[in-house]
Amino acid sequence: MAELTYRDAVARGIAQEMERDPDVIFLGEDIARAGGVFKATVGLVEKFGPLRVRDTPISEQAILGAAMGAAMTGLKPIAEIMFSDFIAVCFDYLANQLSKSRYMTNGQVKCPLVIRTANGGGFRFGAQHSQSVENWCMMIPGLKVVAPSTPADVIGLMAAAVRDPDPVIFFEHKSLYPVKGEAPDGEIVDQLGVAKIVRPGANATILALALMVPRALAAAERLKSQHGIDCEVIDVRSLVPLDTQTILASVARTHRVFTVEENPRLCGWGAELVSIVVDEVFYDLDGPPLRITTPHIPLPATDVLEDQAIPSVDRIVETIRRSMHA
Amino acid sequence: MAELTYRDAVARGIAQEMERDPDVIFLGEDIARAGGVFKATVGLVEKFGPLRVRDTPISEQAILGAAMGAAMTGLKPIAEIMFSDFIAVCFDYLANQLSKSRYMTNGQVKCPLVIRTANGGGFRFGAQHSQSVENWCMMIPGLKVVAPSTPADVIGLMAAAVRDPDPVIFFEHKSLYPVKGEAPDGEIVDQLGVAKIVRPGANATILALALMVPRALAAAERLKSQHGIDCEVIDVRSLVPLDTQTILASVARTHRVFTVEENPRLCGWGAELVSIVVDEVFYDLDGPPLRITTPHIPLPATDVLEDQAIPSVDRIVETIRRSMHA
Amino acid sequence: MTAAVTQDLSTDLRLRLYRLQVELRESEQRAYDLFLQNLVKGTSHLSLGQEAVAAGFAAAMEPGDLTFCTYRGHAHTLARGVPIEKVLGELMGRDNGLLRGKGGSMHLTSVERGVMGSYAIVGAHIPIACGAAWRAQYKGSKDITVCFFGDGTTNIGAFHEGLNLAAVWKLPVVFVCENNLYMEYTPIGKVTAVPNPAADRASAYGLESILIDGQDADIVYRTAHAAYDKARSGGGPSLIECRTYRYSGHSRADPAKYRPEGELDFWRGERDPIRIYRERLLQAGFDEAALREIEDTVRRRVDEATEICKAAPPPSPDILCTDVYADGGSAWRN
Amino acid sequence: MTAAVTQDLSTDLRLRLYRLQVELRESEQRAYDLFLQNLVKGTSHLSLGQEAVAAGFAAAMEPGDLTFCTYRGHAHTLARGVPIEKVLGELMGRDNGLLRGKGGSMHLTSVERGVMGSYAIVGAHIPIACGAAWRAQYKGSKDITVCFFGDGTTNIGAFHEGLNLAAVWKLPVVFVCENNLYMEYTPIGKVTAVPNPAADRASAYGLESILIDGQDADIVYRTAHAAYDKARSGGGPSLIECRTYRYSGHSRADPAKYRPEGELDFWRGERDPIRIYRERLLQAGFDEAALREIEDTVRRRVDEATEICKAAPPPSPDILCTDVYADGGSAWRN
């Protein structure tokens, strides 16, 4: 067991897979010699050399296109898109190419690759460097979408993503990079499509992802101690494949559900999860499923505004408390 | 009153606005001399000249970028993106630029422009030319999103979009281009954010858009005549702004709601509408709100498969009938 | 453009180039006929008139080399040896098609034959081809990647990003611009800042400017061969612009009325690649009967393929949701 | 690079160029100090060392001309006359900031002053600048648009699309590549197929190759003036590459350890634009006291601006949801 940061877990997770499989290669902007702008890939080029850990030009379309071409022909690329907001400049590869080629070719073309990217707010970077865009990817058929909340999950889910035969988008949360956690020594391999009940509870289910997981946990503690509401908190971890079993079973037990997401309000993953819940366990619900989201606005830069925009512990507590009439 | 096709309504709608306001300009690939690949812009360059109706290179980023720059500095551009699938190659302009610049600049920069694009399936064009991508746009704060289902709405909503001070994405449905309808003579100006009850009904509300509107209407007729279920059909018309008043009032009356959309299943606009309904009128519901969508797959090319993928009248009828236990 | 020098091409190769061009011509012509009979589903983009490019580049490839092409990819797919009925079957949306009707004419792919896909978003495949070539470089394998696209494609961002990456990484990839003078309906010169959309931009990537006559299969073959040799031996990418012409409209819906009077006649007449090649072979002493034999054989094969396709059923509805993910299905949930 | 010829620049203009460079230097230095004091929120990208480019291009502009720049845009914003406290206030996230803290350092904008925005997605503003220039062309107004970007930006798709469109449409826009030798942390030469990322690509858009010394404000000014004249008179776009250098790291988080020993010293020493300009003025007979007076005045203004910002409150939480739409709010529903 070792304590390490979420940031260091990224490099460890990639290294674990690169050591195991020489077909795993890694490309992106400033990832090699500089170790990444978030310093999450420090040491990799020294360990694996510049042919496997490759700096690219500022050409996101070329990055994802090259990753796709390499994946189609036998390699297992990991591509970094520095900030998840930049997915917008190479969205064709996600939306139309690497996600669809297996289907379009009747199964001939395979795209086993991982796109890892720094997602989410908290750094006062403003509207073009702070977004949470899991929903941009969840809505595309053919993609798998993962967002770990702990260092151990970073390593284990990275391994699962790299070993997965389908394209996986791996959302790392910027604000979690400095956060520490325990991780077992040796190889860690997790599974895609498995949510985790990180706090059991009887009165309501809170579905959260990435940075929203610790916030949901803190809110649950406060809801319990101050308002007597006992919330189950589920770290969804993987949006596609989605662990509907764990989620629906929990809601069937607690009879209430709340989602907590950084996506701006409209068409976020919270809407999808709520829709699944009401479709499948409608009669188990004792009250309306509510979404706690960033408002439907671009993100502001300065701290007082950004902190107000992204769901906070206070807002989670307040929303749930009020909805549960406590 | 004249009968005209949805296709001709596009040219008439654009011409109406270009005649009114010399600051309205129009750009896109093959839109001028060739009249557009769907022949929806025939005659415009002859009427308004090549300085106002301008053919561009195959450069979607340049098309939207140029439209934005022109809008910021005083013009009212209409930009064509030939197929809505190509939004993926210029998504940065939608997701990060023209939608966010007003907010980021504290209101200094304005982007009054219209992006019109051919959306939806039915032409056996396959996975990269048949998608319905309203949800790609609805999820972006700062955009307005419109999708007319009739020739008269094409003209009226085009006018509303061009006159609107915000960026509007205008989804024309490919399969509706040849469809005819009545439109009043003279200027037609409609309003964004107003849904239309196109068939009143007492037992359930069906929310539909574009090509799904005639299908929902046909389904409603059959549900009534064959199963005694009286459905209210709402043509949502505008996803942003969304006419929640009309929608929620209808659901409060009928106590059931179904959405019919071409979006693939996950994070479609149906999920958003369902989530709003359960959030706001949960206790009015007599049963689960259900989404009728394209499955979460890329679109297949050939007719037997494509017809099976996109919601059909049969599937709408079956889903509603079964859910209403009739 | 250099003149054709044919001496050092073997008799076999020359007959192969001729046969290939005839096969592409006859197959595309049949696709057009089937479209007129309402038997082709969806759209289609023919390469009639552009056969020398497809034949020359394919003939110079080795098995294991990789092709990336566009929606205008029937010819490039056939030229790698994919059976005619698999291509026509896909156009007709039949179960025997290359993709069982799931992809359609714009996405022809045969991994078995090295055809790594036809791409319908302009320019998208240029970076993808780079990735395939990167794999060869990384693995030290000797295959090369050939990427075809049109003149209009040179104005899109992905072109620029892919060309730069290929040049910086010295990838074993050959980029082939088929300049058929038009993007969709707009003449390329009206929307492009340079007269030769690819050749005049080679220097922006530190590459040699190469502009050839795309109607002469021998020139195409030789140019291809030189570029492949360079790529295989670590010399990096090439960008080759071929001047050519498409006889039909852009796609099935297009009557191509935007072309100036006489332009089509000129190209279809003295610039027709098959006519040029046939005359050259006859002048070089090849037996006309042998050429006729080739033409007849090809026509028979196209007829047979057509019958196979007409007899083939549509795909089963059961495949609607297969092969979205590697487990064979489309389940996004557990 | 041609030598500086200064005779024909007026005394006023030369003092203005000097003052402007000093103002940019002092303001950026202050931004850095405030960052060290933890008073700057979010990130920031300084232009220390690149002052001659911003000063020269801005000084040659007329009121009404438009500036488009990147996240590295403090200098370009100040150079158009935006008050220092409005820039520093935005960096510090205060209510007096140019954008009241909503945009942050990467999005400085002053429509009033013709600064049409700072863009944080590499290359995105290049086509946007084309649109602004298209408006001038369409309206027949005489303003020109100037678009600044870095060397690394030349490798992204939007650059290519924008340059081609500007050239084809002959738009009154001047593209300025500030080649400071690095993209973020990677030397530009390692990821670019040509030695001069912009100048070596001008021909791909039918443009003249222009490469100048970006540390010499006189050269910059003259080059700018010529390009503006050409644009204003219907001659179309120019692409100008300026060799320059940034003294600090890429952004506040970057200690810039990737630079070879001595490189910074070289540029900060004999290549420093302010030192170069000061020495030239002294040699030309300008009074050192007058220059000192300029320097002191600027420093006082920067001090005052700093105090204004320190005293300014943060924005009210009430503005969180304003100005998403033109009605002033963020309502997506009726």
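Think of it as A, B, C and D in the order they're written, each chain with its own count starting at 1.
The definition used in the following text is that contacts are C-beta pairs under 8 Å (C-beta built on N, C-alpha and C of every residue); 3 or more make two chains touch, one makes a residue touch a chain.
Please read all numbers here as calculations on a predicted model, not as lab measurements.
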| item | value |
| --- | --- |
| Identity of the chain that, by mean CA position, is farthest from chain D | C |
| Chain B and chain D, separation of their C-alpha mean positions in angstrom | 40 |
| Chain centre separation (chain A, chain B; CA means) in Å | 30 |
| Length of the line joining the C-alpha centres of chain C and chain D, rounded to whole Å | 46 |
| For chain A paired with chain D, centre-to-centre distance based on mean C-alpha positions, whole Å | 36 |
| Per-residue multi-chain contacts in chain A, two or more chains | 56-57, 59-61, 85, 88-89, 92, 96, 103-104, 126-128, 141-142, 240, 266, 296-298, 300 |
| Multi-partner residues of chain D (each touching 2 or more other chains) | 99, 102-103, 107, 119, 121, 124, 155-158, 161, 164, 168, 190-192, 319, 324, 330, 332 |
| Chain contact graph, described as a line, ring, star, complete graph or other shape | complete |
| Residues of chain A touching chain C in the complex | 25, 51-52, 54, 56-57, 59-75, 77, 92-93, 96-97, 101-110, 112, 141-142, 144, 164-166, 193-194, 240-245 |
| Residues of chain A touching chain D in the complex | 29-30, 33-34, 37, 55-61, 85-86, 88-89, 123-129, 265-266, 295-298, 300-305, 308-309 |
| Contact footprint of chain A on chain B as seen in their complex | 85, 88-89, 91-92, 94-96, 99-100, 103-104, 126-128, 135-136, 138-142, 240, 263-264, 266-272, 274-275, 278-280, 282-283, 285, 287-291, 296-298, 300 |
| Partner chain B, residues of chain C touching it in the complex | 41-43, 93-94, 97, 99, 101-107, 119-124, 152-153, 155-158, 183-186, 190-192, 253, 258, 314-315, 317, 319-321, 324, 330, 332 |
| Residues of chain C touching chain D in the complex | 155-161, 163-164, 167-168, 190-194, 200-201, 203-207 |
